[in-house]
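Order of writing sets the chain letters: A, B, C and D. Residues in each chain are counted from 1.
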Amino acid sequence: MNTFGTLFRLTTFGESHGPALGGVVDGMPAGIEVDTDYVQQQLDRRRPGQSRLTTARAEADRVEFLSGIFEGRTTGCPIGFIIRNTNAHSSDYEEMRLAYRPSHADFTYQRKYGIRDYRGGGRSSARETACRVVAGALAQLALRQVGIRVAAYVSQVGDIRLDGTYKDYNLADAELNEVRCPEAATAARMADLILKVKGEGDTVGGIVSCVATGCPVGLGEPIFGKLQASLAAAMMSINAAKGFDYGAGFEGLTQRGSEQNDLFVPDGQGGITTQTNRSGGIQGGISNGQDIYFRVAFKPVATLLREQATVGTDGQATTLRARGRHDACVLPRAVPVVEAMAAIVLLDALLLSKTTRI
Amino acid sequence: MNTFGTLFRLTTFGESHGPALGGVVDGMPAGIEVDTDYVQQQLDRRRPGQSRLTTARAEADRVEFLSGIFEGRTTGCPIGFIIRNTNAHSSDYEEMRLAYRPSHADFTYQRKYGIRDYRGGGRSSARETACRVVAGALAQLALRQVGIRVAAYVSQVGDIRLDGTYKDYNLADAELNEVRCPEAATAARMADLILKVKGEGDTVGGIVSCVATGCPVGLGEPIFGKLQASLAAAMMSINAAKGFDYGAGFEGLTQRGSEQNDLFVPDGQGGITTQTNRSGGIQGGISNGQDIYFRVAFKPVATLLREQATVGTDGQATTLRARGRHDACVLPRAVPVVEAMAAIVLLDALLLSKTTRI
Amino acid sequence: MNTFGTLFRLTTFGESHGPALGGVVDGMPAGIEVDTDYVQQQLDRRRPGQSRLTTARAEADRVEFLSGIFEGRTTGCPIGFIIRNTNAHSSDYEEMRLAYRPSHADFTYQRKYGIRDYRGGGRSSARETACRVVAGALAQLALRQVGIRVAAYVSQVGDIRLDGTYKDYNLADAELNEVRCPEAATAARMADLILKVKGEGDTVGGIVSCVATGCPVGLGEPIFGKLQASLAAAMMSINAAKGFDYGAGFEGLTQRGSEQNDLFVPDGQGGITTQTNRSGGIQGGISNGQDIYFRVAFKPVATLLREQATVGTDGQATTLRARGRHDACVLPRAVPVVEAMAAIVLLDALLLSKTTRI
Amino acid sequence: MNTFGTLFRLTTFGESHGPALGGVVDGMPAGIEVDTDYVQQQLDRRRPGQSRLTTARAEADRVEFLSGIFEGRTTGCPIGFIIRNTNAHSSDYEEMRLAYRPSHADFTYQRKYGIRDYRGGGRSSARETACRVVAGALAQLALRQVGIRVAAYVSQVGDIRLDGTYKDYNLADAELNEVRCPEAATAARMADLILKVKGEGDTVGGIVSCVATGCPVGLGEPIFGKLQASLAAAMMSINAAKGFDYGAGFEGLTQRGSEQNDLFVPDGQGGITTQTNRSGGIQGGISNGQDIYFRVAFKPVATLLREQATVGTDGQATTLRARGRHDACVLPRAVPVVEAMAAIVLLDALLLSKTTRI
């Protein structure tokens, strides 16, 4: 199940310490201009080693497109691409050959497949998400043609959280700091926490919030293809994601229906809008033209740079202390991944929405 | 997109006020004994009119199996089934023909399709979930053969919530009260709240928690088919679901990695287990043999028995007061639906897990 | 795998001697007027007992629509339907419980599933194709909106074959005789052959030819979704189909490229057409705007009303003489099934073709 | 639609004159030893420039595996691979930028996508089938573990055809000559014909026959997933394929049912076999344990090295004479492609067959 999507489909491959990662984007609309600088910028936002907050692995993460683009535009044919691994230190992972990292995928992969590439987590490494960022960037280039924009930001790290909603900030400000939180003061506190935790050889989790603007009415396919279901599947497929909600979500449960309902009102231009948007832009699984917003919870990274008790592949108790280069907090680098998966879902939904009538 | 699943697949059809709802279960393993009483019991748990807490619509919800079962056992062929609608009061919905209910699917369906069956919400009605319960009951009959059990319960209504985790209760007790909360005292408070809210013509939301026990190691297909991604898609496809998390989820975000990691330990019988289970039984998208548990947040029902401002299909501001028979709180009836979708996901994952090696 | 199609999807269920057959049509475009008489007429063309050439089983084959249609038009929601079995004589099949009919599916179903509904072939009965005819009729109603028409006819029975191509006949004439061959004299000879073979307790095969007119350029999704690949899958999924070819097909293999190529010429109206159409309307897997035509070979029916040697479920040699009511030649009744599957493929391709550009 | 398969899935990308072709094989069973020499040998059988009968394009067609293989064995993770294009002469195709080759995909791609990579046919080039050969070779390595073998050969070129069936030859002999026909004398006549046609700047078609041995009972998923339907889809997706039949196929249509039926007989070892195998190893869409055999018709190559009338992209009549390097007959090189697609279908069916019972 290394393919995601119905009409706009991403298939990925590659391990953390193999020769390359890569993917195939199928169903890309034809005739879209491909701004390769933009794609690389998105990759750079996810790249390891981009700041003191992230892992020191120095990967350039250069994408090489192999097909599907002709004279600068998409042809409607599949877009194959690869990203070479250039800075893999496999020797750092020798001990993971012999023991299972707690709360990591080593044990389950070994049991499911009877074999695993233990180097850097192999296929289970979050390096795989680089391919999602490439596909997401292509999706965003297409979505822009119809005015849809996706923006994510860090809204919580550990117990430090933004007080406001996405409307209270200039989301572009998130790119001004290394945490990717749009409020400078909170971002600074979050950065301090991450550095503190990192210094302790520990890790910390948090929340990425995301908003899509400019969506037309009609994205989402009831019953099982509800837009929130596709978004949830997309987000929960990201490494370390533990939770998803949209609109009023978990936090709106103390409201009554009369408090949470979004009343329809004429928009003054012959159309219909809503007074509030606690629905998060989706009603009955279909976008209603309002902003779509949701949250994704990420757990603290499982790989710790401190000793932990575990069990070896021989079934005996042992201890393990990771030596590889790891993030103490995935949140800053998860921001472009959340955006990418959101863009993939929305473009897929947009293409599907074109098939409702003949 | 009225089909869910990869190998074990449910396709549903039917509207709230049409002649019948129904579905097709494809990929059901052959040779499973079908306990039709058990299937009907599950439907009865979801049935409207089952208690003073639920809508008064008096539907028998009798399932008629049309295929795929021979001499009491499944044949591996698709199981078609229908549930006749017998107590539809379409006249109650006349005003919905002319105006859009706030936070409901009326508006989005109309715009997406250019036509809608407004009677009782048509296809967007939660009556569709009856078909899921049928398929889920069949899935549970298959899962039992390998020792997998699924149980859900109401853990929060409005601001009343259970303090403990699923391990602190006898989950079978949830069936002893009309709320389906396993602790009698909390259940009573929840019931009081629902009745109070109902009396006010208002509605209230909450959380259904669910646990699957007896799962082998190996369920879930990385990368995009992670078990939590499939569960999230399944749950978020249920009417009124607003959020999903599993394991430590949103509530574990203040923990450090060293606090949240589940250390592996020998299980004393030659196998491997974990000291804790904050992972919720899933690591790297694959079940690790521990209990799988997750939560689903449900918003307050959108249809209120009180007047709300809205817009008519003519684009003019108007007011609407629902006259149909509606739940003030979906939680008690959502319990069997959550169980059903979980069973569908787990059986699908179980079948997929058989194809990993030749 | 009881579902066919990508965007326009048919899922079927039901056995020959169960309570009902049925299906779900998903992805039907919204707003199409449903002429239920037309649908029933198509079913009547496939119905058993319609002439002296077909089985005597007297099934009315009345379709009951259960959803997806509102005030006479499709809503974009799934269309569930059932066809009750009313004339099953299960006692005729008692001997098939104990022995495997030669060249039939009894043996393979038993071994694959470990259980089978032996009555009338159960799920492997060609009665299942009634559901395809319903879906195909709905697809044709949609295709008509854009000027696409599908017509099939019998072009060969045993060694009697039409000399001309589809352009040499008025295809509507095929409905004037019980064989569904558009040339009366050939049809009469075919009918004589079928009756002669029937009298001998034997069976005979042949070819159904089919043509789709009015297709726009652009149907078909290279590489694996080539239009001819989808058509081939559709046709070869019909009971008793043994072969498929399109355009010049098997019969054009003695031509050189210079003889088979279709030269492009200006159509005199600013567009482009081809001088000939040996490509069968498809180039590179994509329709080129010319007529799409193809052939489907059907084997002689396997069930004979004469004694045949076989093996019993006990593994012992035995003999079997079918007592049920069976066709001596499926060709006349296969015509509407071929049309239906073609329409399903074409509508699916049409919907897919709308997603090529944004 | 650049993905094929349900559980064993191949996704391909790449154009004839781009930097590389490639693909992703997903669902490969874990733990299979990868004999990379074997894979390369299969590619070499498809390689251009391998004999005087084929195009002179001198591509090494070296496959580079990028993932999914660890210490020589498959890991169950997706296998990404690329094949660099090294001998593209794009200047040969300049005239194809301005005019549509008759019976080729130039016109349909241009109209469907509004843009096309005209160099060497771009995506529509049969070079794409190299990726299928890689995936097919991997599939064959897995199938061998359970004793399934696939072998194809050229049985007809133009009007020269083998008289016997696959049982009359030693199929390994097909590799002894450049035509890949197992009978030396016929092969020589076929070679002469191809060279004669080539000398005339013309092309010729023919038939590839294929047989799979060692298949267990139970491959194939009725109703729409019948084994013959999957094989037909696979074969008809190959460039230039015009027809498919299996078992007695088109040639058995003059037989009566009593002549074509395969009588079951005890196999003398407690099992069941058939006296004859006109069913081609498939009954009711499911393999019956006998040899599976089928034929694929390939048209004469459309690209001619002689002048043809056509229309330019400007809509004006013009003429075109191809200058690129092209095969006069695809049959010899189609043999490994047919084998590859058959192996892909059979492995997919084998994996699916493991999910029938719990």
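Following the convention adopted for this analysis, a contact is a pair of C-beta atoms (placed from the backbone, for glycine too) under 8 Å apart; a residue touches a chain by one contact, two chains touch by 3 or more.
Being a predicted model, the structure only gives us computed values, none of them experimental.
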**OP:** Check A-D, B-D or A-B against C-D and flag the pair whose interface repeats it, over half of the contact pairs matching by residue number.
**Re:** A-B
**OP:** For the pairs B-C and A-C, output the one whose chains share more C-beta pairs in contact.
**Re:** B-C
Original post:
Between chain A and chain C, what is the separation of their C-alpha centroids in Å?
Top reply: 46
Original post:
Centre to centre, by mean C-alpha position, how many angstrom separate chain A and chain B?
Top reply: 26
**OP:** Please report how many Å separate the Cα centroid of chain B from that of chain C, as a whole number.
**Re:** 39
Subject >> Two or more partner chains touched - positions in chain B >> reply: 1-3, 12, 30-31, 76-77, 112-114, 123, 222, 352, 356-357
Original post:
What residues on chain C touch chain B, complex-wise?
Top reply: 1-3, 9, 11-15, 18-24, 26, 30-31, 64, 66-68, 70, 73-80, 82, 112-117, 122-123
Subject >> Contact footprint of chain C on chain A as seen in their complex >> reply: 7, 27, 29-32, 76-77, 142, 145-146, 222, 350-352, 354-358
Original post:
Given the complex with chain A, which residues does chain B contribute to the contact?
Top reply: 1-4, 6, 12, 100, 102-109, 111-114, 123-124, 128, 156, 158-159, 197, 200, 202-207, 217-218, 220-226, 228-237, 241-250, 252-266, 270-272, 274, 278-280, 283-288, 297, 299-304, 306, 308-311, 315-317, 352-353, 356-357
